[in-house]
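Dropping the structures in below, format is structure tokens.
Here come two complexes built around subunit A, the first alongside subunit B, the second alongside subunit C.
Coming up: the complex of A and B.
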């Protein structure tokens, strides 16, 4: 049953206007990224590569938030959720199926973005290396974590508020990476509260390897595995929270 | 009635309106203050997971600050009194410590514009620690040590040690060979004044032809080459005077085979003012395309004179702006500017001041010959 829901969600997400429009926007932005390289007065290759790798994350997260927040709410608003739940489907089947379908669609989107981005870089003469593929894969994990975040926030609030909260989580998730260097500003219980709050947010700075990959700097297999595991753990946590909230919800 | 004619008409109007901003008359140099820049840690936090991309965009935006400092030469920030360039490059380097150009520009801006060569060297050393295989940074650091610290003369052992470190950091034969060349040159350096030309040639090769950076680099190179030409010819004129008791009547007279052979045992240097044409010693034009001249026993380069006058011109524009601020109106003519207290120094031959768009410009007559071609094609010397 999970597979059926996942398959239907994948088709729905992949056909959604927001998904396709943002992929189109990514393609346009990648083409335009060369302009930034040109106005830098250098050969622009590294700068364009930085832009392309960052765009994959930014647009990817926008896709995840746009499709993730609409996923369950659309089912509720269009009352198709009742048709599904009237069958022998448990609510956790529904949530996990929905997430897996969305994750599959996002992973396909990310692969397409990565292929397009690296292809464009190679065509325009910018250096492309294998580490950039790995960096793209880590960005995909980041996007999947954000998809789980969006699903979780949607179960707790309205779609609009969930979108805002998702983007805030993205910003804070990256900011917590720099927090240890700013801790000296805080004293006593302020520092304790800050650390506790920071521990409750996924540390997305673990997926910033793209900047090193552009320079061809390697990452160890242990490091990569640890980051993957960290992402999977957060996804599991957030999906479980979503299941728990949806179980108690009066539909 | 169909809507598309209205849409087309409005679109054409909007495009025309926008195009007015790009007209030549309306183009003004963009200048910018950097007082708002955050600390490196805060900048990383604000970059929201894209520090390298944010650093590049911030860097491109800061070119306007560079333009401002070319004229002002004072980058003290309001409030803290910090150096703007240092705050900028500390932030950029922290955001992307593996981007070579940040170190190069940091060293250039703090060294050449602020005249803080200690800070410039610090940036370069930091770069060699972050990127030990970066030949360009090692080379620039060596040039800095040689040019501004005179380590070859004052600390030859330390310079040797530095070159040894550079050599150890290079991984290929060709890269190591550059260091050996430097060591060889250090041992028998004979043409003073051109030590930086190799560095500038590298910078020129990596810049986009026709860009402001390329123009700036070319101008710097012409300036250095012209100074070198003047120094070399003056030495030949002095040799002529000591030999004959009187200065030469014409500059070409100073090219006596004995004096030239004594000064250049291995033949005239490729970047120098003396060349061999059809088996005879001949004078080249200065790097700007003007004939070098001899006046009362002193050699002058008209191109260099013009270059100096243009440097003064930027200062005059600043004075014009200050006068406008003080008097509440812009001087439109040279007479009005003089009345406002601005002194216009006499220009070298063929130049005339003009005030255009609230800035002083100089109209020059074109040089009689083409300027030297400096962009390396086969890594060779400029063509005649």
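Coming up: the complex of A and C.
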């Protein structure tokens, strides 16, 4: 059941206007990145490479939020899930299948972006190395975590509010990495808030390996595995929360 | 009870309203749909038809009482492989083509790939969808969506078809075709359970009916028994029996229910000549309105409008 739902979700997501438009936007932005490299006062090639890698994260997260927030709430509002849940499908099958389908579509989109970005960099003479592929893979994990975040928020609120909350989670998630340093300067309630934020929001700064990769700085396999495991755990937690919310939902 | 495909026993359900308020949608609903029958579930808008159906489908939960499907409690999700459901005003995924969508839903119902091909051809033929097979559903009109809705409900040849307002948004030609398809499904052996507020559809298709209003089942039974309540009208000449209306042409007319037939004929005065005995068709709409009106009570605005509708109807029938 899960595989069947995932397959249909993949086709539906990959053909959605938001998905294709944002991939088109990425292609245009990659072409423009050379311009930024040229006008920069420093090494233009490194700036271009940095931009291309960062665009993969930003556009990828936008795709994840745009498609992820439409995943459950829109199905409830438009009643498209009636024809699915009236079959021998459990609600958790539906949520997990939906997430896996979206994750597959996003992973394909990320691979396409990475191939396009690195291909463009190679063509324009900018530095390309194997670590950049690993950085792209870690960005994909970040995007999948954000897809799970959007799935979770959309089960709790409207698609519009879920979009705002997702973007806030993305911003806070990238700031979480610097919270431990900030805590040394804070006391009492403020320090407590820092600790809670660090626990409640996924630390997306773990996936910011792009800058180091462009400079060819290596990352250990253990470190990579830990970051991967951290992402998988967050995804599992968020999908579980979504399942428990949807199980109680009156449709 | 064991022959009932669907049964509701003292089912109550309430929605969450504002703050801590609950809105009662169903009150002690008890009804049974026997195997092989076509059951028309009648009710005005907001009477509780869709809520009852959604509970059966597992889309709503937290009800009181017991709902059984194929003799088992509805909690077992595997039972749903044996039913087909057309929701009210159905929506579907925009970016899937019709043939992909049917295959997807068929596989969710447990069909194999080998079964899907012939089943697709069958519904294309029944609902004239063959030319639309490669089109994405976002380009479908309301009527096309309704046709696809019925196609996906009958696709896996279910034992029970649950249709929520199946004729909504259809032109007269497609209404007639839908009725034919539903009759074919019944002939195949499927049980039909459908909601409607259009009484002629129920009369055409069903052999059983139930009326729900404000979450309470007012009445249920056989359509034949209901239609049998239509009065007989006896026209005669000669001595006028008690209770008969004297007509201008020297004849008289006596109305009585079918159940009083023998007594009425026996009590005719000596010399009275029977010219004709006719059964008038029961005006189901007027019957439904009067039934709901009686339930609402005289103070309700709906009762007032129902009263005016009934009186308009009877004025219109007068020669």
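FYI, the second predicted complex is superposed on the first by the 247 of 251 C-alpha atoms of A that agree within 3 Å, B and C clash if a C-alpha of one lies under 4 Å from a C-alpha of the other, contacts with A are read in each partner's own complex, and residues count from 1 in each chain.
Going forward, a residue touches a chain if its C-beta (ideal position, glycine included) is under 8 Å from a C-beta of that chain, and two chains touch if they have at least 3 such contacts.
It should be emphasised that the depicted structure is a prediction, and the values quoted were computed from it without experimental measurement.
In the superposed model on subunit A, is it clash or fit for subunit B and subunit C?
On the shared subunit A, the partners fit.
Using the superposition on chain A described above, determine whether A:161 touches subunit B (first), subunit C (second), both, or neither.
neither
Which holds for A:181: it touches subunit B only (first), subunit C only (second), both, or neither?
first
Taking C-alpha centres, what angle do subunit B and subunit C open up at subunit A, rounded to the nearest 10 degrees?
After superposition on chain A, the angle is 150 degrees.
Residues of subunit A touched by subunit B versus by subunit C: which partner has the larger set?
When the residues of subunit A touched by each partner are counted, B comes out ahead.
On the A-aligned overlay, A:39 touches which partner chain: subunit B = first, subunit C = second, or both, or neither?
first
Thinking of the overlay built on chain A, is A:229 touched by subunit B (first), by subunit C (second), by both, or by neither?
After superposing on A, A:229 lies clear of both subunit B and subunit C.
Check the residue A:50 against both partner chains and state whether it touches subunit B (first), subunit C (second), both, or neither.
Only subunit B; A:50 stays clear of subunit C.
Would you sort A:197 into first (subunit B), second (subunit C), both or neither based on which partner it touches?
neither
Please state the minimum Cα-Cα separation between subunit B and subunit C in the superposed model, rounded to the nearest whole Å.
So the smallest C-alpha gap separating subunit B from subunit C comes to 27 Å.
Pick out the shared contact residues on subunit A: the ones touching subunit B in one complex and subunit C in the other.
Dual-contact residues (subunit A): none.
Which residues of subunit A touch subunit B in the complex?
By the definition above, subunit A touches subunit B via 36, 38-43, 46-47, 50-51, 53-54, 57-58, 170-171, 173-175, 177-179, 181-182, 204-205, 207-208, 210-212, 214-215, 217.
List the residues on subunit B that touch subunit A in their complex, please.
On the subunit B side, the touching residues are 41-42, 44-45, 47-53, 56-57, 59-60, 63, 96, 98-99, 101, 206-208, 211-213.
Once bound in the complex, which stretches of subunit A touch subunit C?
Per the touch definition, subunit A meets subunit C at residues 1, 4-5, 7-8, 11-12, 15-16, 78-80, 82-90, 250-251.
List the residues on subunit C that touch subunit A in their complex, please.
15-16, 54, 57-62, 77-81, 83, 85, 87, 89-96, 100, 104-105, 107-110, 149, 152, 162
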